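Structures given as structure tokens follow.
In the two complexes that follow, chain A is the common piece, with chain B as its partner first and chain C second.
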Partner chain A sequence: MNKLFILIIIVALGSMLYPLVSSFDGNSELSSLAQFYAQPDNISKVNSPNLVTAIVVTYRGLDTMGEVTILFLTAAIIAFFLKKGGTTRTLRLNSEIFKTSAKLLVPIIVMLGVYIFINGHLSPGGGFQGGAVIASAVILMLLASPNTKLKHNFFEALESTSGLVFVGLAALGALLGLGYLDNAILPLGEFGKLFSAGAIPVIYSFVGLKVGAELSNILNKFQSVQSDK
Partner chain B sequence: MLAMAFIAIYHKKLIVAVIATGALGLFASILYLLLAAPDVAMTEAAIGSGLTTIIFFYVLNRIRTDAKEEENEA
Partner chain C sequence: MEYITLITGFLIILAGLWAIMTRKNIIRIIIGFVIFDTGLHIVMVSIAYVRGGTAPILDGSVSIADAAQKIVDPVPQALVLTAIVIGLGVTALMLAYAMKLHQEKKSLNIESFKDLKW
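Our next item is the complex of A and B:
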């Protein structure tokens, strides 16, 4: 009876939202907000082929600062609440294939993550994506050998330093008089090279490191309070 | 995608429901790619179908152990 009620509510919500879906045509040209950013003379101002990255880091950089703050808060709250741990676990040994292939794959995945956030301004990706991929490498390492103790101090120091450098670079834009989180504080190189687009790769690299370190901390906290019989 | 959503809601075992949620995130990531948003697709694939599934499994393990401890004591 309960499930029937839930099904009725879902069908009612669906029929309320159906007129929105059925009247969707698909835009034939960009909406007005997108056209504000996708102008051809913006390209020479920002000089990065990936416009999404440029919007996230420079045009709407303050929102990125808010997201970084939210991630930091989440990691701090989780570290504050999960405290009990350290009981020894008696676990089944992982198979040899899994351990060896994990040792082989973890450096490759970390390299992929670093590639994603260094080339944030040239190909799809960026800091958050690269940080999430690095955290996947860490979780593979934790699953393969559950008794490894990650170096807490290293990850915390990395996260704090990256956060400070990100805020410092953001403030530097304001100090040098160009506007908050502008990317003209470093020279804009040629279009499409690695060292182009001013401070965008630097900013996004530090955001990527920060996100990767935070997510790894969260996963390590969850893993270290496991205790099973 | 709808099949995965049904399994996630209506299955009896929690483990199968969690895996169905992860698969749902993967299908959502493919949908984002078809709508020409590769950045969002990358983020959704890494976080939605990788990390949150793992966190759900850790929490399930912890709940199951605590429930077993209470059963043993009571």
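Our next item is the complex of A and C:
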């Protein structure tokens, strides 16, 4: 009976969503906003081959700042919420293959993360993706050797510095009279090269460091609340 | 093409809602939220699709001059990037709550939490 009731709710919501599908007839051209971003003039003004990065870091950079703030807030709430020694953990012995391959893979995964956020303006990727890859290396390390103690203060310091540099670079654009979060505070360089697109690679690298440190901090928090009995 | 992804996205949303409403284990409810989230992302990306368009990354095949004719809409993709990160933060927060709830009652079954039920 209960399941039937839930099924009715699901079907009702599905029929509410149906007009959204039936009234959608696809796009044959870009929306006017995207057309503005894709104009040759505006592309060479930002000089970043990856337009998604151009939007995330420059045009809608303020949203990215809010997003980073939300992530920081989450980390802060989790740190406030989880107290040390709250739960006891049961450890399972890891196999030798897993431990050895984790040791081999962790530096490579961190390097891949750094590569992804440094090349964020050239190829698919960017600070958030690179930071998540770095955090995945950290979780692999924690799973392989559960007794690792991460340096909590280091991650905290890294995260705060990267956040400050991000806000500082954004404010520098306003101080130089170009506009908040303008990427032309550094030379724009040649289109498609690593050192191009002005401040975008710098900002995105710091966003990557910040996200990586923050997620690692959350994972570390989840691990450090567990104690051995 | 965009219809397939759009309908799949809506179906995934409904599947996530089903998981949220029928499961009893809190971890599974959280997984339901994540599935719901993923469905929303698929819907947003498929709305941005432009017929015959390619990824909004300019390289050998898409030059600066014909970018406006060849790429798909990059704005919703940037929004989805934001949404994924926020979703991650919310998921981490929900898992922290689940951990705290488990400390209280030593159980993850949603039916053992009746303190606010009346």
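One rule holds for everything that comes next: the second predicted complex is superposed on the first by the 221 of 229 C-alpha atoms of A that agree within 3 Å, B and C clash if a C-alpha of one lies under 4 Å from a C-alpha of the other, contacts with A are read in each partner's own complex, and residues count from 1 in each chain.
Everything below uses one rule, namely that a residue touches a chain if its C-beta (ideal position, glycine included) is under 8 Å from a C-beta of that chain, and two chains touch if they have at least 3 such contacts.
Quick caveat, the model's predicted, so the values are computed rather than measured.
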A:Gly125 touches, of chain B and chain C: first, second, both or neither? first
Touching partner for A:Ala171 - first (chain B), second (chain C), both, neither: neither
Which of chain B and chain C A:Ala157 touches, first, second, both or neither: neither
Touched partner set for A:Gln223, first chain B, second chain C, both or neither: first
Which of chain B and chain C A:Lys3 touches, first, second, both or neither: both
Partner, of chain C and chain B, that touches more residues belonging to chain A: C
First (chain B), second (chain C), both or neither touched by A:Val52: both
Touched partner set for A:Ile77, first chain B, second chain C, both or neither: second
Contacts of A:Gln35 with chain B and chain C, given as first, second, both or neither: second
First, second, both or neither for A:Ile139, with chain B first and chain C second: first
Common interface positions of chain A, toward chain B and toward chain C: 3, 6, 52, 124, 126, 128, 132, 215, 218, 222, 225
Footprint of chain A on chain C - complex, ascending: 2-3, 6-7, 10, 13-14, 17-18, 21-22, 47-51, 55-59, 64-65, 67-69, 71-75, 77-78, 81-82, 84-86, 88-90, 92-93, 95-97, 99-100, 102-103
Touch list for chain B against partner chain A, complex: 9-10, 38-39, 42-43, 46-47, 50-51, 54-55, 58-59, 61-62, 65, 68
Sites on chain A touched by chain C in the complex: 3, 6, 9-10, 13-14, 17, 20-21, 24, 26-31, 33-35, 37-40, 43-44, 49-52, 54-56, 60, 63-64, 67, 70-71, 73-74, 77-78, 81-82, 86-87, 123-124, 126, 128, 132, 191-192, 211, 215, 218, 222, 225
Chain B-facing residues of chain A, complex: 3, 6, 52-53, 116, 124-126, 128-129, 132-133, 135-136, 139, 143, 215, 218-219, 222-223, 225-229
